[in-house]
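Residue numbering begins at 1 within each chain, and the chains themselves are lettered A, B, C, D, E and F in the order written.
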Amino acid sequence: MAKTALVISAHSADFVWRCGGAIALHAAKGYEVTVLCLSYGERGESAKLWKLADMSLEKVKAARRVEAENAAKALDVHDIQFFDLGDYPLEVDRDAKYRLVDVIRKVQPEFMLSHSRWDPYNTDHMYATQIAIEARMIAQAWGHNPGEKVLGAPQLYLFEPHQTEQMEWKPDVFLDISSVWEKKWAGIQCMEGQEHLWHYYKNVAENRGNHFMRNSGGQSGGRKATHAEGFQSVFPRTVDEL
Amino acid sequence: MAKTALVISAHSADFVWRCGGAIALHAAKGYEVTVLCLSYGERGESAKLWKLADMSLEKVKAARRVEAENAAKALDVHDIQFFDLGDYPLEVDRDAKYRLVDVIRKVQPEFMLSHSRWDPYNTDHMYATQIAIEARMIAQAWGHNPGEKVLGAPQLYLFEPHQTEQMEWKPDVFLDISSVWEKKWAGIQCMEGQEHLWHYYKNVAENRGNHFMRNSGGQSGGRKATHAEGFQSVFPRTVDEL
Amino acid sequence: MAKTALVISAHSADFVWRCGGAIALHAAKGYEVTVLCLSYGERGESAKLWKLADMSLEKVKAARRVEAENAAKALDVHDIQFFDLGDYPLEVDRDAKYRLVDVIRKVQPEFMLSHSRWDPYNTDHMYATQIAIEARMIAQAWGHNPGEKVLGAPQLYLFEPHQTEQMEWKPDVFLDISSVWEKKWAGIQCMEGQEHLWHYYKNVAENRGNHFMRNSGGQSGGRKATHAEGFQSVFPRTVDEL
Amino acid sequence: MAKTALVISAHSADFVWRCGGAIALHAAKGYEVTVLCLSYGERGESAKLWKLADMSLEKVKAARRVEAENAAKALDVHDIQFFDLGDYPLEVDRDAKYRLVDVIRKVQPEFMLSHSRWDPYNTDHMYATQIAIEARMIAQAWGHNPGEKVLGAPQLYLFEPHQTEQMEWKPDVFLDISSVWEKKWAGIQCMEGQEHLWHYYKNVAENRGNHFMRNSGGQSGGRKATHAEGFQSVFPRTVDEL
Amino acid sequence: MAKTALVISAHSADFVWRCGGAIALHAAKGYEVTVLCLSYGERGESAKLWKLADMSLEKVKAARRVEAENAAKALDVHDIQFFDLGDYPLEVDRDAKYRLVDVIRKVQPEFMLSHSRWDPYNTDHMYATQIAIEARMIAQAWGHNPGEKVLGAPQLYLFEPHQTEQMEWKPDVFLDISSVWEKKWAGIQCMEGQEHLWHYYKNVAENRGNHFMRNSGGQSGGRKATHAEGFQSVFPRTVDEL
Amino acid sequence: MAKTALVISAHSADFVWRCGGAIALHAAKGYEVTVLCLSYGERGESAKLWKLADMSLEKVKAARRVEAENAAKALDVHDIQFFDLGDYPLEVDRDAKYRLVDVIRKVQPEFMLSHSRWDPYNTDHMYATQIAIEARMIAQAWGHNPGEKVLGAPQLYLFEPHQTEQMEWKPDVFLDISSVWEKKWAGIQCMEGQEHLWHYYKNVAENRGNHFMRNSGGQSGGRKATHAEGFQSVFPRTVDEL
């Protein structure tokens, strides 16, 4: 059985900027990574498209979906799903929560990925995490759809938001994505509607590479890493060796 | 070359209660674990001895040293050193800092262990950690005793204080010490002067075992662990897989 | 008129582990303690029951209710009420909020008890506290059911969650429950479906007894307490003497 | 074009106590300040009225509205709007959110003002801020009512709550309102139903004047300010000079 | 034996503004309250005196001492001591720490009072608290001056700083000082060199009275208190009833 | 009289990476900016030099000084001073504090700049800030060198540390340095011994430019800024307009 991971992305581009490297890296290690886009970001994260003539919500959603699917391909995503719940604001009702629980139980992820706990610029982001935490709990309940395999206790990693300090986000793990940087860069370039962010996230990846090195061996060297991604763990780890 | 670890303990008993399991477990894995006791805790943590007749500072220190050495033996400590810097308050001058740096550089630890960042009950504890962080930095400096091998960037784990919540201490890693619990229990019983704490730390170890299980697989089971220890990391981890 | 207290428990077992001692102790002092269970914890906290053959939601709820009633009896609870609002996730609509306000106003508690503000393992817990705070506010409103006696400003104590540090919970008061420990232990043993937690909460009570002593007189003695419970206050106290 | 500002007030009196000086001052500078009262505070903040004979919800709302309109006049408010969404608890559904977005877009404020992020005494307050942040985000979305002018990125200032420390509120800016204090004092006196708060907020304004001076030039002098108001910024500033 | 309390004041006026009410109130209840002024505040808190002609450090200290002694008298202080350790910056060497420990042990206080943990305006303040915590610990050590009566575990209350929010200070207890307000007001007026602060602290006392009422019974009344003082506890309480 | 600013830099390169843009920008506006290097960073931040043959502490200091002077020239620094107090660890005794106070009083800065409050990688950094805060306080004391002009209450900005999130640093102001970026880049390139950081801080400046735009007008545009620097304010601002 392949190992699995699950990304819960508020809008259809978030998974690319924030954990595209983790996706591609784990895919390369044999993980099947599922990406769940709660919305397309059609209203709030598609300014460039809305400036075009003759645009409609459906057209924007279609364009965003194509971009996300292309990026998913570039990143070797195993499965990408679109819940199309609307954005700005994202709203997740009980039925949608249960659909999310269904996905979590089916995937049985080794770990989950979602947004920061606080984001005053974008309440959809923090709401997605709140829902992810709630759905994780429901998926663990023996009395929810009795007979189904319940969820264990996968780690929930919060991926890097824009303006990390404003989001009260603090990474406690840096993942070396040097070996898959080209894939992440290809995925980023699929997001044609947000070209102004490409260079920004390239810089982020390079500087997180610096942080990786700073923590992996100190000033005197440290293993070389050209690119990295940072994550904040919600739950403590359990280990057999420090 | 054996892997190594370094414990910086404000008083001579702290390493037993707080990371005795980690010591014994890593020793069993082939690590050489060095324990550095900055003081004997002779003034502030030896009430039982001071209630005996005809006591003196030297007698208390001697008794504390024997207890600590016995515990070290029980825990398979590779080397235990006593800096005898005094307690209540502990004071570390420049020379003592440099002696500490010498030890750090000689040990070249994979990871270090010390106290919580805040402790209003016991300022020696938080001071020890402040010194540990400072000495770690000095040990990384190429210009300190040029020619010596500088330190890399080992993790600094903060071990469990008494009354964790008051110390603003939050564990992010639980270590399964089930396999070495008997050794830790033997080490604890070497601390004859603080028998009132034996049962307390037995309870702590059992309940941390519960926390280990809660995080390693969820309500539906999780790997069995009878005893565990918790640690708070000061620095982020660098990994190749989440 | 008897003094009163009110416990707001997300699931029907929470009040036992987390404040069973406070309940029994205040009952012994003449308080009438009301316990309000928002749900039975039938879906998420009844794994052992769901593993039995031929189980249904109604059967689980019935079993949980019996356990809770038995525990309430063991703890000398004055009144236990079940709102049966569902769990995993718990949902409290406007009508249910108003029913809760009715109970608060009828009880007119000296103090209230509920869960920690944050709990990433169990969103029902933190949601219950959010609702408790909101209902406390509504109960204070002169314009809510005008003519009824409005609520004063009772303290809201947050009782001890599982894995306190992960819940960002910090106790500021320790209650000596030594005199009623046998009652709490009897109450705990009523929770037959969660036998794996009995020993855990026995350890907690003993170690909180240690914390009680550490704060009530210092290393040189302190009043003896074999068992205690910790609580975090939401509101400041008003006193006539420090 | 006049500059504009927007106050989002949970209840119809909040804007007076908490930012009446900022309103009057900016009006004097030529700003058009719009005040949006989400509710009248008719149930929870009108105890004095409810103690009168023969009172009803409609009568209380009418009285509260008159008070608020009088205060608005005293403070030179440009426009005051009442959403009448109910209080204790305040509830804002999707339609009401969109009405709020309409106002924000129409006003296109240079800055917005609302409540503290945390308020365990009054959940309406923190809920209003949550809604303000969400509505600000929606107002920035190009896909929300395409064709309308989208919102830029105005600062959101959190005005001073009652019992600041309990609300985890920390002012990072003090505004000198000495020149308009008489207007604020007149506005305060319009709130006939809450006369017990007049003196309290006079003291606050005087002491914030002291804080202004302490920070504007130090012990050796500092510019004289008799009255001030404090605010906490949600977003970072962008400047051309420190 | 009279109950006792100990105030540790960085400068010779701090005890008046910040806990003069607590002093007078407990004196009225029969406590013997000792005030320890670590310095006179002669360099940093005596601007008015330094503006006079022909001033010297000794003259300023003498004038400050007279003011403090007068205030102590007005507040019924049992004993006031001046350590004259210098200010801006205050420095406490090992000998001075031991003198402080001597006082603590001699007084054997039921509770201690000192400054906030953080104060970027005045490092003497936070340093005094750091020293108070350290000295409390030393006073508990059986090995410090063996044979002396060791200290128990008195609460350490942090009294109200100027600009509370900037100091990250949060009161968890309000003390009703209405009955001794006249004494505190008389004490305040002894501080002739800092007349600009008299009105400020009168406002503080009145508004803390409001907070007292808000927490002692709610909007519908609450016990009347015209003046109060707020304190933050460092340690948890131990109680027999919530 | 020219306006002035003062940078307090733990090591001789810090001012370049962390606030070189602010220096050059304010110089261009007519400010006289003084830079105070407490040490050369000769032991801990000169790894590249120490790897050369035949090196000594004096040679490293000389080389570091030249680099810093060159960078100062590139940034239009008005005056650069070297206190040569040693690094790893930096130690500032009473005399050195008073020298620092002398500089502060002579410069009478509009604002000061120093390091983050917390830095577990580099205790010199946080110690420098602690000293800056203490010296600022001493400089305000009328009794320190009576007759000298005392300091007002300048803002203290904390400039950007390496790994901002680990340092618990949160910028509340972004400064547009686009117009002086070439100067900053030239200054950076003077730091020949730390070439591995050039690209890192170029990325930082670009991404802070992005943050500037995100906060200065929103997704729909915002003023263009190619480069920016972030700062955290220690003290609240005092303003006449929000």
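We adopt the following convention: a contact is a pair of C-beta atoms (placed from the backbone, for glycine too) under 8 Å apart; a residue touches a chain by one contact, two chains touch by 3 or more.
It should be emphasised that the depicted structure is a prediction, and the values quoted were computed from it without experimental measurement.
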| item | value |
| --- | --- |
| Those chains which touch chain D and also touch chain B | A, C, E, F |
| Distance-maximising chain from chain A - centres being C-alpha averages | E |
| Centre distance in Å when chain B and chain F are each reduced to the mean of their C-alpha atoms | 37 |
| Touching two or more other chains - residues of chain E | 47, 121, 140, 142, 166, 171, 211, 214, 219-220, 230, 235-236 |
| Chain-to-chain touches, reported pairwise for every pair that qualifies | A-B, A-C, A-D, A-F, B-C, B-E, B-F, C-D, C-E, D-E, D-F, E-F |
| Chain E-touching residues of chain F, taken from the complex the two chains share | 94, 97, 130, 133-134, 137-138, 140-144, 146, 156, 234-236 |
| Sites on chain C touched by chain B in the complex | 47, 121, 162-166, 168-171, 199-200, 203-204, 206-207, 210-211, 214, 219-220, 230 |
| Residues on chain E engaged by chain F in the complex (per definition of touch) | 42-44, 46-47, 50-51, 55, 57, 60, 87-89, 91, 120-124, 166 |
| Chain A partner contacts - residues on chain B that touch it in the complex | 5, 22, 25-26, 29, 110-111, 140, 142, 150-153, 155, 157, 171-176, 211-212, 214-223, 225, 228, 230-231, 233, 235-242 |
